[in-house]
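Before I ask anything, let me first share the structure, which is written out below as structure tokens.
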Amino acid sequence: MRKLLKKRSHKSGMLPGSLVHIGEVRKAESRTEVITYDRDSINKEQPDLEASCVLPLPEPAVTWVNVEGIGQLPLLKKLGDCFGLHPLVLEDIANTEQRPKAEEYDHYLFVVLKVLTPVATGVQCEQVSCILGVNWLLTFQEGLEGDPFGPVRERLQNGQGRLRSQGADFLAYSLMDVIVDNYFLVLEQVAESIEAIEEELMRTPSQRTLAEIYRLKRELLFIHKAIWPLREVVSSMLRRESPLVKEQTRIYLRDIYDHTVQVIETLETLRDMLSGMLDIYLSSVSNRLNGIMKVLTIIATIFMPLTFIAGLYGMNFKHMPELESPWGYPAVLLLMVAVTVGMLVFFRRKRWI
Amino acid sequence: MRKLLKKRSHKSGMLPGSLVHIGEVRKAESRTEVITYDRDSINKEQPDLEASCVLPLPEPAVTWVNVEGIGQLPLLKKLGDCFGLHPLVLEDIANTEQRPKAEEYDHYLFVVLKVLTPVATGVQCEQVSCILGVNWLLTFQEGLEGDPFGPVRERLQNGQGRLRSQGADFLAYSLMDVIVDNYFLVLEQVAESIEAIEEELMRTPSQRTLAEIYRLKRELLFIHKAIWPLREVVSSMLRRESPLVKEQTRIYLRDIYDHTVQVIETLETLRDMLSGMLDIYLSSVSNRLNGIMKVLTIIATIFMPLTFIAGLYGMNFKHMPELESPWGYPAVLLLMVAVTVGMLVFFRRKRWI
Amino acid sequence: MRKLLKKRSHKSGMLPGSLVHIGEVRKAESRTEVITYDRDSINKEQPDLEASCVLPLPEPAVTWVNVEGIGQLPLLKKLGDCFGLHPLVLEDIANTEQRPKAEEYDHYLFVVLKVLTPVATGVQCEQVSCILGVNWLLTFQEGLEGDPFGPVRERLQNGQGRLRSQGADFLAYSLMDVIVDNYFLVLEQVAESIEAIEEELMRTPSQRTLAEIYRLKRELLFIHKAIWPLREVVSSMLRRESPLVKEQTRIYLRDIYDHTVQVIETLETLRDMLSGMLDIYLSSVSNRLNGIMKVLTIIATIFMPLTFIAGLYGMNFKHMPELESPWGYPAVLLLMVAVTVGMLVFFRRKRWI
Amino acid sequence: MRKLLKKRSHKSGMLPGSLVHIGEVRKAESRTEVITYDRDSINKEQPDLEASCVLPLPEPAVTWVNVEGIGQLPLLKKLGDCFGLHPLVLEDIANTEQRPKAEEYDHYLFVVLKVLTPVATGVQCEQVSCILGVNWLLTFQEGLEGDPFGPVRERLQNGQGRLRSQGADFLAYSLMDVIVDNYFLVLEQVAESIEAIEEELMRTPSQRTLAEIYRLKRELLFIHKAIWPLREVVSSMLRRESPLVKEQTRIYLRDIYDHTVQVIETLETLRDMLSGMLDIYLSSVSNRLNGIMKVLTIIATIFMPLTFIAGLYGMNFKHMPELESPWGYPAVLLLMVAVTVGMLVFFRRKRWI
Amino acid sequence: MRKLLKKRSHKSGMLPGSLVHIGEVRKAESRTEVITYDRDSINKEQPDLEASCVLPLPEPAVTWVNVEGIGQLPLLKKLGDCFGLHPLVLEDIANTEQRPKAEEYDHYLFVVLKVLTPVATGVQCEQVSCILGVNWLLTFQEGLEGDPFGPVRERLQNGQGRLRSQGADFLAYSLMDVIVDNYFLVLEQVAESIEAIEEELMRTPSQRTLAEIYRLKRELLFIHKAIWPLREVVSSMLRRESPLVKEQTRIYLRDIYDHTVQVIETLETLRDMLSGMLDIYLSSVSNRLNGIMKVLTIIATIFMPLTFIAGLYGMNFKHMPELESPWGYPAVLLLMVAVTVGMLVFFRRKRWI
């Protein structure tokens, strides 16, 4: 099961702004790619960024530097120097436990997001940090299997749509859009699990159902923690009116905001449903207990008197006149039938049978 | 049962603003109707909108274009071109999973709403998108059975009331009013189901009651999700003071706002009642368990000692003086009566019988 | 039991502003009364308001038109014409399911309130609509048994206090004050019921207690729905600073606001208590189940081994040496006593007895 | 047990601003004391305030009029006339069910507070009303046993600290400070009770524990209702910047605000703990039920088969070859041992023993 | 177990601003250290601060006075006189039950924080008060084992990083940063405990699990109380724009704010998980009860009829023809097998076995 919290103990007591990697190292080496494009052309390179700085071309060309694998701290430091990033920004990039946030600095905007991808065992989480300048964009991925930015890269290559003719802000928006679209996929997966449990619950609830409800609750808590801050992130980007985000891109950001609200509402609905299911589970367990106890009580209530009567005439007293009578045995059998019928009538009246 | 979430997976990774239909396609073909009216005249047509644009007549005439069935994407695209709609607007219209919202664009207002209709199996949900211009209104319905806008169309035809002498904003208001009125019908249906469960709960709660409570809880979650954003939608329309909504229409919008608040409050009350009912259900199941166990305990407590006594004198020891005595049998019978009476007194004191 | 929602189905699809009565008609005919007063004189009439308009006397005289029974729609319409009321206002007056609210129009203030009166079977609810002009006041009651405005009418007649020397706004305030005072009476009744249940709960909780808790919960939900919006109503009247409400009357409104907050807080406290009581109920039912099961277990645990031993020596084997021994019987009896004592010691250690 | 709501029924329908005492009359007669002081001197009197007005000395002298017992309405009325108080203020003073609040009038500030004192049976509540003028202060107590203002009075007498050299606002602050300090005492008492229950809960939870949890919950609801509005009261006094409260006193008020927040947070923590304890109680009752049922099941599961076997060979059939065999009895005994051991192994595997 | 509330009873009724130590005295004697540094040099002393005042050197030198152990009130008083502190500030320093807060005074900023340290038995809490002047900083610790400020002191000594070249505000920030970093350590410890319980819960939940859940809930309530106010503290420091906190330090404060929000969100997640675990616990206890009852019912339902049949033919009636028949015994045995098989089929159908 996913760890609740990643260790950051070794960080404690260090200088603020000191570069330490926090969280699982998922990819030891970093892979960097620099894409430069304008309306007409596109160019991809994989230079050694630790050796020398990338210089963004003049506008309207856009330079996108993508770093996969953030464990290589000297590279991070070098990039920070080249683009004039604040030490706290670098610290946040290296910390994969960072909370999603958007911060405005002098000449760039710093955004941290979580990419969620549905995988077989549940949900995979990767942190993505974006730094948006006038006509450049830095992105840092942890570098897991599967590339969330694939579709955007493809569109850039093809020159399809507006992407190539817009600025770096539109590129950043396109990446965010892909990330938020992925959230819907994750929620779809959870919703399907919930529907599966729902059916199980109505038919044959078992201890396994309970464990599954708990697992999903935990999963939703985790997803909630990754997605919830996003609303604040996007709305603060809308409010601030930074010159780095152009007017026409803002309409698209508003669209992302809408999607975020919808994702969060769906999340809440799913959580409400899970809570409801736990109640139903408890109720139906109680119900079955009642059913079990009814069977026990009916059996005991019928056979205890019968056994007693049989025991009575199994006593070895010398003087028991009934035992001698030829009608004794049939009379006792009749009595037993009468007791049984009486009990059955009693249960029928109580609606137990 | 209703799906929790409709698939939008195939959308993921597409260009923002790309036209894809999301959700069940309920009507493959689109049916369009163009109604043009002013105070004195009204005209209905069904032109081929995919071929050529409709040109709204000059004010004070109002042009209403209604599209039923949104699966036909080229038609949507053509309409977007004719009326100068933003690609994101078209994307939202085609996505039947859109959250209710109101957005202001340069020369039009874009509103998405959910129409809820009570049907036999529960509640049917249809998405309606409205685009309000100076003197024109576009509406897009999914095209289910039953026409929610029927009464408005009729009133337009008859020329009854103020409807024909007012602008497009009043027409839009009238449509919203009909939609909100429908919410009350849906809540009435739910309230009736709740009252039916209430009676069942007090008389003969069963596993079926539980399933019904759960079904209604889920139904209310669904209705909540469709209605809740409406408050924000209407209040933002009131706040923004767009020139597209005239002052005298705003008083009517305020009325819709009131109704929305009332609908939401009623919804909350119904949810509170359902929660309360689940508690009551659990309590009364526990209560019945107590009743069952009492019966079992009373029977066992009376007959176990009796059976033991009978067993005692059923032993085959050679030397059991009691067995020889002529008073042995009556004495034992007396003892048994005493034990029984003692137990009954004990239970009476515990108020079990 | 009270209906959760009154039918408004026949309303759906009508023109907005169309006059339809919603809710139970409690009084078919309307009774109208016109009271005109100033500091020195008071005059009461019962003119036929459907035939001709009442003309308010010039200031400082105040004209109060009270209508009991709102089912007579033509009368409503005529009054609307005489006083220049908006059609939506008339619609709201006729709809007894209206949510409490305050709306400001050009030359009048429209306030809807709920009058709650404690009656034998619970709480009676009546809707009162007030329209406050410069020196006139219209009030509409549903016309139930018992007149909530009685005390105010009496004070007007007597000329006691400030009432006659103040304007129409003070008259409106006085009516609201009486209504809010009534809320305390209703809550007192509920509080008494809760205290009765509390005692029952600690002594002899039964299925009836549960039903009563549920009934009160439902009652409080209903009261909550009627009272809750009042806070917003009064605070909006305080904020708006309409010229229709004079400065010196505003201090009195602030007093009503305080009372409203106090009513709502008391309501919340009562709801919290009811929730707590349900928990206690559940706990004490579980507790009693434990008690029952202890009795059963003690009895079974003592008598089952004894019965087995008796059964053992009731077997008919030819070769059972114990049966022949003269000490067999006393030895077995001793064994039985030993088993019983052992079990009792065991239970004592478990603190069951 | 404390009444949930005090009767105010006889008030209903009276003139607003009419003087009626609401709540238990705790002291029929009023005792008044007038203290006049400046930096150098202090003077105490007990004049007949119903007969003539107290005239506050000119600044910097401060006049403090303290009234104990508010049942004597004519005295209240006279004081109102002397100091020019609004009738609504007098009404609120006489109503011991008033909610804590602060209101600003032309030339005075009106504050209502609740004094809570821990007593043997729980918590005693007394209402205190303060009216702060330029250099005078009126205070009204209900007049219970024990004087909450004792320490302040003593300090005034001694001339200790800053109290005598500051204005009436500092005197009012000192009284409020004493009142808030008392809240901590009350919460300490509750916290001790909670800790006592905690221990009981872990060792021997019983029906009594449940009743105690409920009693404390109710107590906290009551304390909550008395303390909660205080935050709003103090923060409104800080915000309003009334000239009656001097700048240097405001720092002290901020301190009271901090304490109030701390009191409320502690209250919330205590409530959370009580809720948690109820859950634990329920869980441990269920747990014990499991323990009881295990004992019963083990006993029944072992002895029922044994008793059956014994019964089998107690049958009186003529032709039962086993009964004749000399190995019959030992064989059956062996079988019984085997059954018992088998069952014990089964229970051991299920971890029941 | 930790006390819920520390006694402050002896404080009640004292003069506001009077110096009394509240809470456990953890270190009777105070140890003081004065560190003076600028970019180039650093100097440590341990002067007798009760005897004479420390005079801060002129800017840019920074003077840090650290006091460990706050029980020595005269020292506190002397420091208050030297640095011109308000009596309320001194009162708050001496009160270890103070709530975290930030207050701005004329020439200094007063901040109270809680240092949480994970120790073997749970979490240790120490109060730290900071007073930030232009170029001086006073800090007061309770003086527990382990020095939270160790890392900062070391960095000062080494002259590493920016610390020595910045002002007193950066020193204060560095201390707060260390404190907040410690919160993560505490939460990591709790998260590990929760994960341990989680495993236990799924395998072998016991009464001990319950006690542990309760213990952690209480621990989290305690941590919550210590951390929660911090968000408000830091955000108020950011908002106020005091000249004492320089612009470039503010970016670092924003970083602390982010961390605080993350700590609080993690705390909430952990609390949600604990609540969920209690529900799961309850459900699985109920589940096991069902299992136990099934065993009991199966055994009873099989053996009760068998025992009855055996008892029937153990009766001593003279005239029981079956007993004479040579097929009687085998027939009865067959009947018994049939009953057993029938019952097993019944249970199999109910899915009990």
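Couple of notes before you dig in:
Which chain is which? They are A, B, C, D and E, in the order written, and residues in each are numbered from 1.
By definition in this document, contacts are C-beta pairs under 8 Å (C-beta built on N, C-alpha and C of every residue); 3 or more make two chains touch, one makes a residue touch a chain.
Nothing here was measured: the structure is a model prediction, and the numbers come from that model.
Chains that touch both chain A and chain E: there are none. Although chain C and chain D share one sequence, what matters here is the overlap of their interface residues, and that overlap falls short of half of the numbers used.
Think of chain B turning onto chain E: fitted on CA atoms, that turn is 145 degrees, to the nearest 5.
Chain centres here are Cα averages; for chain B and chain D they lie 41 Å apart. Each chain gets one centre point, the mean of its Cα atoms, and the points for chain D and chain E are 26 Å apart.
Residues of chain A found to touch two or more other chains are 282, 286, 289, 293, 296, 300, 304, 307, 311, 314-316, 320. Judged by the touch criterion defined above, the protein chains form a single closed ring in which each chain touches exactly two others.
Residues of chain A touching chain B in their complex: 150-151, 155, 160-163, 173-174, 177-178, 181-182, 184-185, 187-188, 191, 194-195, 198, 202, 251-252, 254-255, 258, 261-262, 265-266, 269-270, 272-273, 276-277, 279-280, 282-284, 286-287, 289-290, 293-294, 296-297, 300-301, 304-305, 307-308, 311-312, 314-320, 351-352. Listing the residues of chain C that touch chain B in their complex gives 1, 3-5, 7-9, 11-18, 86, 88, 97, 99, 101, 103, 204, 207, 210-211, 214, 217-218, 221, 225, 228-229, 278, 281-282, 285-286, 288-289, 292-293, 295-296, 299-300, 303-304, 306-307, 310-311, 313-316, 320, 322-326, 328-329, 332.
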